[in-house]
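Structure provided below as C-alpha cells; questions to follow.
The chains carry the letters A, B, C and D, assigned in the order they are written, with residues numbered from 1 in each.
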Amino acid sequence: MALKTPQEYLDDLRKMKIDLYMFGEKVENYADHPIIRPSINAMAMTYKLALDPEYEDIMTATSNLTGEKVNRFTHLHQSTEDLVKKVKMQRLLGQKTGCCFQRCVGMDAFNAVFNTTFEIDEAKGTKYHERFINYMKYVQEKDLAVDGCMTDARGDRSKGPGQQPDPDSYLHVVERREDGVVVRGCKLHQTGMINSHEILVMPNNTLKEDEKEWAICFAIPLDTPGMIYVYGRQSCDTRKLEGGDIDIGNKYFGGQEVMTIFNDVFVPWERVFMDGETEFSGMLVERFAGYHRQSYGGCKVGVGDTLIGAAKAIADYQGAGKASHVKDKIIEMCHLNETLYSCGIACSAEGRKTAAGNYLIDLLLANICKQNVTRFPYEIARLAQDLAGGYFVTMPSEQDFNHPEIGPLVKKYSASRAEVPVENRQRMLRLIENLTLGCAAVGYLTESMHGAGSPQAQRIMITRLVDLEHRKQLAETLCGIRENPDIDWK
Amino acid sequence: MALKTPQEYLDDLRKMKIDLYMFGEKVENYADHPIIRPSINAMAMTYKLALDPEYEDIMTATSNLTGEKVNRFTHLHQSTEDLVKKVKMQRLLGQKTGCCFQRCVGMDAFNAVFNTTFEIDEAKGTKYHERFINYMKYVQEKDLAVDGCMTDARGDRSKGPGQQPDPDSYLHVVERREDGVVVRGCKLHQTGMINSHEILVMPNNTLKEDEKEWAICFAIPLDTPGMIYVYGRQSCDTRKLEGGDIDIGNKYFGGQEVMTIFNDVFVPWERVFMDGETEFSGMLVERFAGYHRQSYGGCKVGVGDTLIGAAKAIADYQGAGKASHVKDKIIEMCHLNETLYSCGIACSAEGRKTAAGNYLIDLLLANICKQNVTRFPYEIARLAQDLAGGYFVTMPSEQDFNHPEIGPLVKKYSASRAEVPVENRQRMLRLIENLTLGCAAVGYLTESMHGAGSPQAQRIMITRLVDLEHRKQLAETLCGIRENPDIDWK
Amino acid sequence: MALKTPQEYLDDLRKMKIDLYMFGEKVENYADHPIIRPSINAMAMTYKLALDPEYEDIMTATSNLTGEKVNRFTHLHQSTEDLVKKVKMQRLLGQKTGCCFQRCVGMDAFNAVFNTTFEIDEAKGTKYHERFINYMKYVQEKDLAVDGCMTDARGDRSKGPGQQPDPDSYLHVVERREDGVVVRGCKLHQTGMINSHEILVMPNNTLKEDEKEWAICFAIPLDTPGMIYVYGRQSCDTRKLEGGDIDIGNKYFGGQEVMTIFNDVFVPWERVFMDGETEFSGMLVERFAGYHRQSYGGCKVGVGDTLIGAAKAIADYQGAGKASHVKDKIIEMCHLNETLYSCGIACSAEGRKTAAGNYLIDLLLANICKQNVTRFPYEIARLAQDLAGGYFVTMPSEQDFNHPEIGPLVKKYSASRAEVPVENRQRMLRLIENLTLGCAAVGYLTESMHGAGSPQAQRIMITRLVDLEHRKQLAETLCGIRENPDIDWK
Amino acid sequence: MALKTPQEYLDDLRKMKIDLYMFGEKVENYADHPIIRPSINAMAMTYKLALDPEYEDIMTATSNLTGEKVNRFTHLHQSTEDLVKKVKMQRLLGQKTGCCFQRCVGMDAFNAVFNTTFEIDEAKGTKYHERFINYMKYVQEKDLAVDGCMTDARGDRSKGPGQQPDPDSYLHVVERREDGVVVRGCKLHQTGMINSHEILVMPNNTLKEDEKEWAICFAIPLDTPGMIYVYGRQSCDTRKLEGGDIDIGNKYFGGQEVMTIFNDVFVPWERVFMDGETEFSGMLVERFAGYHRQSYGGCKVGVGDTLIGAAKAIADYQGAGKASHVKDKIIEMCHLNETLYSCGIACSAEGRKTAAGNYLIDLLLANICKQNVTRFPYEIARLAQDLAGGYFVTMPSEQDFNHPEIGPLVKKYSASRAEVPVENRQRMLRLIENLTLGCAAVGYLTESMHGAGSPQAQRIMITRLVDLEHRKQLAETLCGIRENPDIDWK
C-alpha cells in the first residue's frame, strides 16, 4: 500500500534543502518554521485522513495505473462517482483544517495533464502521455504531494506572453539541450508550494502559434537547482511568531502562498509533457481550470461549515443564539454554503469520460460553481461578522488576558454567559477574525475570488459554453416567429 | 406499449363531463375553451415528446411494476440516474412550452405516496402500498395525467386543521361507509387540474394525533360526483379570448390553476392510501414537497432558457446585442439559471434508495434548490425587462398594427433594425410581457415563490436538516476549545 | 388664484377632440372610456390635493413669474426647499393613487427647458427663454397639465438620428415656414399624454452638428391637427372593461402610455424653444433626465408605501402578521423604500441655482437615485409576493364569488381569519396582483426600469460625474506614492 | 480663536499620564508608540484641516455658546445646513485618512447629551443642561478631543443590566458621595479613546425603573485616577512595528479600539449630566445612536472613496483599466458609495430643531443610512478585491523586495506595466490589503457592521419609526375596502 503517514511526510520535508526566503532572510529548516508549519499541518491532514478507516471510501481510491490503493489526491478520476467523492473529500478537509489544505492543485493538474497529453499524442504522434503515466506511477507509489503551477507573473495584463517587454513575464524555454530543456520565469500565488515534494508546471493561457517557447509543461522535484522560493505575506502572518495559541485563531492550520522563481532550471526530457504544442495550451488551461473550479465547490464549503459553526457557537456563548434574526442569518449562511456544494456536486455528477479514460467535470457547471464561489463566501463572512458582534476586532491580546494585574479585569469584562468560560469566547472570536480578516481570510475570501481564475474568466467561459442561439430559437418558436413542428393535435 | 398520443389525450378530455365554472358561468366543452386550451396543449407536449425518438431516453422509462416502457411522468424512480433524468425532462419541457406544463405534481405525488405507504404498512400492518401499486399499474397502462393535490384552503394561517372555526378549511373525512369514505374540503392553487384524468389527494401538513380525519390520502377520477372546479384568474388571462395570436405572447401554451372543491365526495376503499395515520402525514408532506422542490430545478430552468433566449433575441433585433453591458447581463441570467439547474442536479445525484425501493432526492439539497428558485427567476425577469427596453408595456395592440389607416404608421414607428420584420419585434416583446408580467409570470415568478412551499417552509427544513452542532464542534476543535484527536505528528 | 378643480380639469378633457385609437378602433369621448378614465382620475388627484388645505404647503407654490399661487406641478423650483417639496409631493401622490400619476414629466420638462433656453440665449443671442416664459405664464394661469415628450421611436439602437434608414425614427423638422415649422416623427412610451392639455417636446439625445433638424423643442395643444394617438396596451388592461370593481385591483387609478405620432404637425414660432442648437441638446436631455430621475425618488416611494401597506394588510388578514420572518420582510421592504426616498431627498437638498434662476438637482445623486429605482422596487414586489401567499394568482374571478350557486362555496374556501370579511382579502390580493403583475406593475416595475432612462444610461452618467482621478490621488497619497502635504507635526 | 494646531494637540497627549496596557505590558509615552501613533495622526488631521482656509467652511463653525469660531467636531448643530456640513466634513476626513478618524463619537455625544439634558431638566427640574453647557464651553475653548462612550461589556446578551450575574457588566454608580459619584464598569470597543483628552460616558440602553444606578452620564479627563486602558488588537497591527513604510498599507493613519475600565472612578457633580433618570436613558441612547448612524453616511463614504481610488489605480497600473467589466465594477462601487452618501445627506437635510435648540437628524433615515452601511462597504471591498487581482495576499514582504540578492528577482517578477514603478504597484496592493483585510478593514468593514449599533438594532428602530398602519390604510383605500374621501368628480 502506497499511503504515507503524516510523520513520514513531515520527515520528507525535513530532508529537503531548498532556497527559501522570508522577510528578507534565508530560511533554514523550514518544516519547523512557525509561520510555515501550519500549512504543512494542513497538508499532513491529507495523509492522516487517508489512513483513517472512517474516511477510507472518500480519501482513497484504487489506481487505474497500478491497481493499488492510493490517496485520492493522486488519483485519476475513473467515474462521475470519483468526481463526486473528490468534492466530498475536499469538503471534509475544509472542515478538518478550516483553511486551504493545498493538495488539490496537484490533483487537478494530474487529471488535466493526463487527458490533454493523450489528445496531443493522438494528434501529433508524440509520447507525452506515456511519460506522464510513468510520472503518475511514481507519484502514486511514493504518495507525493505535488503542486500544480499555472499563474505566471504576467507583467502588463493588456499584453500576451509574446508581447511582453520582459519575455520572462511568462515562464518559457530559454535553452534546448540534448537531455532536456532549461526554463526561466516565475509562477506567482503558488498555494502549497514548499510543503510539496514536486512541482507540475503548465502554461498560463491559450497561446498563439508564435508563442511556442511558452507552451511548456513539465514536472521537477522541489529541490531542483535554480529554484528560488519567496514566501508570500498574509494578513496577520506574524501572529504565528508570537508564541501563544489563541490570537492565531486557528490553532493548527493555515495556508501558504509562494513566489516560485525558475532561475534557469534544467528539466530532463522524461519529465517534459508538452513542448511547443501551442494549439493544446488552451485545452490544458481550460481543463485544469475546470477541475479546479469544481474543487472550490468542496473545499470552500468545508471552510464555510467551520465558519457557520463558529458563528453558531459565538451566538450561543454570548446568549443570542435563540434570537429569531440570529437563527435566520445562520440559515442564510447554510443556504449559501449548500448552494456552493450543490454546484460542486452537479458539475461532478454531470461529468464525462475523456478520450484518455479519466473523467472530466461538466465545464459549464464547474464555471457556474466557481462564479458563485467568488460571491457567497464574502456574504457568509459578512453574516459571520454580524453574528460575532464587534469584539473580535477590539479584544485585547492574549498576553493581556494573562497579565497578573490587569488579566483578571480583562477577563471579568470579557465574560458573557456565566456557563461559558471566557477563554472559549476569546478563542472563538479569534477564529472568526482568522477566517474573515486574518490568515484564513486569504484563502476563504481572496483565493475564492481569484484562485482557479478571476470572476471575469468564468464569465467568458460561460458565454462560450452556453448555446444562446438555441435559446433564441426556443423563444422564436413560442411566440410564433418560427414554425412549431411539435404541434400535431387538434 | 402504454404511450398515449397527444391526440388520444385530448380526446380523453373531450369525453369528460365535469362541473367547471369560470367568470361566473358554467363551462361546457372545456377542452376547446380558448382560455383553457393552452394549458391542455402544455400537458399534451408531455405526451408528444415521449413519442419522439430524439427524447426517448429522458422522456420514457421502464416500469419497475410492469416491465413496460412508460412515460417518465408516471415512473417510480429506480436510481439517482432516474432522478437526474427527471430534472432534464423537466428542463426540456420548460424549454418547449415556456410555461408550467403541469404534469410533475402527479409524478412527485406518485413517488412520495409509493414510499410512504410502504413505510406505513411496515409499521402498522396496513395494505395501502399494495393498493397503491395496483393504482400505479392502472395509471401507467392508461398513461394517465394525474394531478397531485396538497394545499388546502387553510383559513386562518395561525391555526392548524383541528383548530379552524370551519373544519372544512382542511379537506377531511366526513363520513365513513362500508365501501369507502366521504370527504369534504377544497384544494387551492391546483396546477394542471382539469387537464388531468385523475386526482391524487394528500394531506396538507404534519398532523397531530387528534387530527385523524384530516390524515387522508386517495385518488379519484376527475369526473367523480361532487367535484366542483372553479377556474382561477391569471394576469392577462382574457387576452386568449381576443382572437389574435400575437398579444397573447406565447402562441400555444399556458398554465392553469383551479380551485378544486370536494363537496362530499365518495372514495372507495381501493383508492384510499392513508386514513388516519397522522404520524405519517409529516413524512408524506415532506417527501412530496422534497420531490417537488427538486422539480423546480428543472422546469423553471427550462422556462428561464426561453426567457434568456427572448432577451438575447430582442437585444439583437433592436441593435443592442453587441453592447458589453448587454452581453454581461445575459451572462448573469445564464449564471443564475444554471445555478438553479446545478441545485436540481445535485439533489438528484445525491438521492438515496427508500425502503420501498424507489429513490428519494437529497432532502436538504432539494430545499436549497427551491429556496434559490424563490429568488433567481425574479432577478432573471428583472434583467430581461432591462434588456427588452420599455416598449413591451407601451406597445399598441395587435389590432392597431393591423388597422388599415394607422397600422402602417404604427409599424413604421415600431421598426428597429432594417433586416428584422417589425412583427418579429412585436411578437418577441409580447413573449417577454407574457413571461414577466402576464400569464406565464404566474408560473415563472409567483409559482416559483409559493409552489412546493413558500420560502419560509424551506428555511424551516434547512434548519432541521443541517447539523449545526457538528459544525460548532468543528470550530471548537480548530480554535483549541476541544481536543484535536487527529494530530499525531511532530 | 389659478388652481383648477378636478371637475374643471375633467370637463376640459371632455371638450377636447383628438385622433385616438385603441384596439384597432377610433375612440370617441375618451375622458369617459373605462380603460382611460383611471389615468384621468390619477391626474385629477394632482388638482384635487392642491385644493386641500392639509397639503397646501407641498402641493402649491408661489410662482416666480406671476407671484400667484400655482400648482407645484407647474412651478419653476426656486430653492432646494422647493426641490425637496417636489419629492414629497410625489410621494404623497404615489400613496394616494397607487400608480403613476403622470403629471411629473411636464414639470420636469418645464424646469429643464427654462434653464436651458436661458443658456442658449446667453450663448447665441436667441429669444427662446422669453418665449418660454410667456408659455409658462399661460400654463400657470390655466393650471394646465402638460406632457413632456422625449423618447423617440429610435429604430436601430446602434445608430444615431442622422444615420437611421428612416429619418423619422427621431422626430425632426421637415419644413420651415415663415410662421413656424412642420415636424414629423413619433414619441413613444408617452406617460400621461391624453389626459394632458398640452405637449412639450424635446430632442431625445445629444446631437451631432449635422443633426440640426432633430434639435427641436416646442409646445402644442393636444388637439393640434396632424397629431395621432395610439393607446398602448398594459398587462390586464381589459379588466377595466369587465364592469366589476374588485378584479381591477386598484378601484380608481391607473397609468397610461401612448404612442404619439406627429404626422406633419405645424408649430408656430412663439411655441418653438430650440431650433437647430445641437450643442445644447445634450444639456437639455441631461437636465430633463436629471429632474426626472429625482422624481422617481418620490413617486415610486409613494407607490412602494401602498405596496408595503398591502403586504402588511394581507399578512394580518391571513393570520401571519406576527410571524418573525413576516415582520422582518416588511422591515426590509421599508428599508429599501426609504433608501430610495433618501436618494430623492439627497439630490434635492444638494441642488444648486442655475444661471436662469431656477434650481437644478445634484445630477450625480439624481442618477444614483434612479439606478436604485431600477432595482429596489423589483425586490419590494418580490417580497410582497412572498408575503401575499399564492392565492392572488389562482383566485377565481369576481363573478365566481358572486355566483348564486358556487359563490358561497368559493367564499367559504377563500375565508381566512374569522374577523376579516372574505371580500377584504379578495380585494387586497387583487391590489397586490395589480401592483406586481398587472396594470400598476407597468408603472411600478418596468417604468422604474426604463422611465427617465434605462439603467445603463445612469451608469454612463455616473462615470462622467464621478472624479475617479481625484480618488486615485487620495489612494496614492495614503500609501506613499505621492507626497502628503498635510502632515506637518512631529 | 479656539483652534488648536496638530502639534499642540500632539503635545497635549505627550503630557498625559495614563494607565495603558498592550500585549501584556504597560505602555509609556504612548503618543510616540508606533502602533498607536497612526491613530493619533488621524485625530491630528481633524485639527490640521480646521486650520486650512480651503476647508474652513466645512471644518469650522460659529459656536452658539460663545460666538467663537470652533472646530465643527465640538459644535452643537444649529441648522440642517450644519447637519449636512457635518457629513461633508466626515467624508473629507475619510478621504484624507483612509480610516476611522475617531473624533465623531464625541461630537455625536455632545449633541445628544445637549438636547437630552434640556428635556430632563424640563421634566424634572434638574440642572444637568446648565452643567453641560459649561462643560461644552470648556471643550470648545480648549478645542478638546472627547471620546463618547456607550457600549458596555454586557455579559450575557439575553439579560439586561439589572439581571446580570456581575452588576459591573454595565457601568454603574457604586458609591454616592457629597462631592460626586464613584462608578465602576467597562466600556468596550472605544474608538479613539487614548488619543482624546476627555471621556463622555452615556448609558448603554433603555433602562427599567429599577436600574437607576446604571442611568449615569458624565465626563472626565482621560487621566482620571482609576481609569485603566487596554489596547485592542487589530488585524495586522504588528506590521506597524516592522519599521518599513510599505507593508503597513496606509503610511500614516489608522484607528484605535480600547477596552476602557472604570475601576472605581470618582466623578464630581459638575461633571454629572444624568443620574438615575432611567426614563430618559432611551432618548439619550436613541439620539446618540441616531447622530452616529448619520455619521457613517459621511466617514465610511470617504474611506470608500479612497478604496475606489485604489481599485482604479491598481487596475490602471496592471493594464486592465480599460476593460469594460473593470469600468463597470468601478461604477458599481461608486454607485453603492454615493447611495450611502445620499442617505447621510437625506437624514441631515430632513433634520429638525430640538427643544434645546440644536438640530437632530431624521431618525428613521439615519437608521436607513446605517443599515446600508452594514452592507455596501462589504460589497465595495469585495469588488476592490476583484479588481486588485490576487497579488495583495501573496506578495513577498517589503524586506524581500529590498534584499540584495533576491530583491531584483522579486521586483522583476512583480513588474506590471513598463511605465509604472514596481514599488507603486506594491504600495497600492498593500493599501488594498489594509482596507479590505488589515487594520483599516476593522474600521471600514466590522465597525461599519457594529459601530453605532448592530444591524438588528436599526431594524428594530425602523419598525418603530415607520407607520405601517397608515400604509395599510392607503392600500385599503385603493382597493375599495375603505371609503376614498378624495374623489368628488364625475
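Just so it is clear, a contact is a pair of C-beta atoms (placed from the backbone, for glycine too) under 8 Å apart; a residue touches a chain by one contact, two chains touch by 3 or more.
What you see is a predicted model; the values in this text were computed from it and never measured.
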Pair exhibiting more inter-chain C-beta contacts, A-B or B-D: A-B
Chain centres from averaged Cα atoms put subunit B and subunit D apart, in whole Å, by 51
Length of the line joining the C-alpha centres of subunit A and subunit B, rounded to whole Å: 39
Name the residues of subunit A that each touch 2 or more other chains. 325, 328, 459
Chain-level touch network, classified as line, ring, star, complete or other: complete
Okay, in this complex, where on subunit A does subunit D touch? 21-25, 153-159, 165-166, 168-169, 186, 188-190, 228, 230-236, 238-239, 247, 257-259, 261, 263, 318-320, 322-323, 325, 374-375, 378-379, 382, 385-386, 389-400, 402-403, 406, 409-410, 412-418, 433, 437-438, 441-442, 445-447, 449-451, 454-456, 459
Parts of subunit B lying in touch with subunit A, wherever the complex brings them together: 5-7, 9-10, 41, 44-45, 48-49, 52, 80, 84, 95-98, 245-246, 249-253, 305-310, 312-313, 316, 327-328, 330-331, 334-335, 338-339, 341-350, 364-365, 368-369, 371-372, 424, 427-428, 430-431, 459, 462-463, 466, 468, 470-476, 478-481, 484, 486-490
Complex contacts: residues of subunit B adjacent to subunit D: 324-325, 328
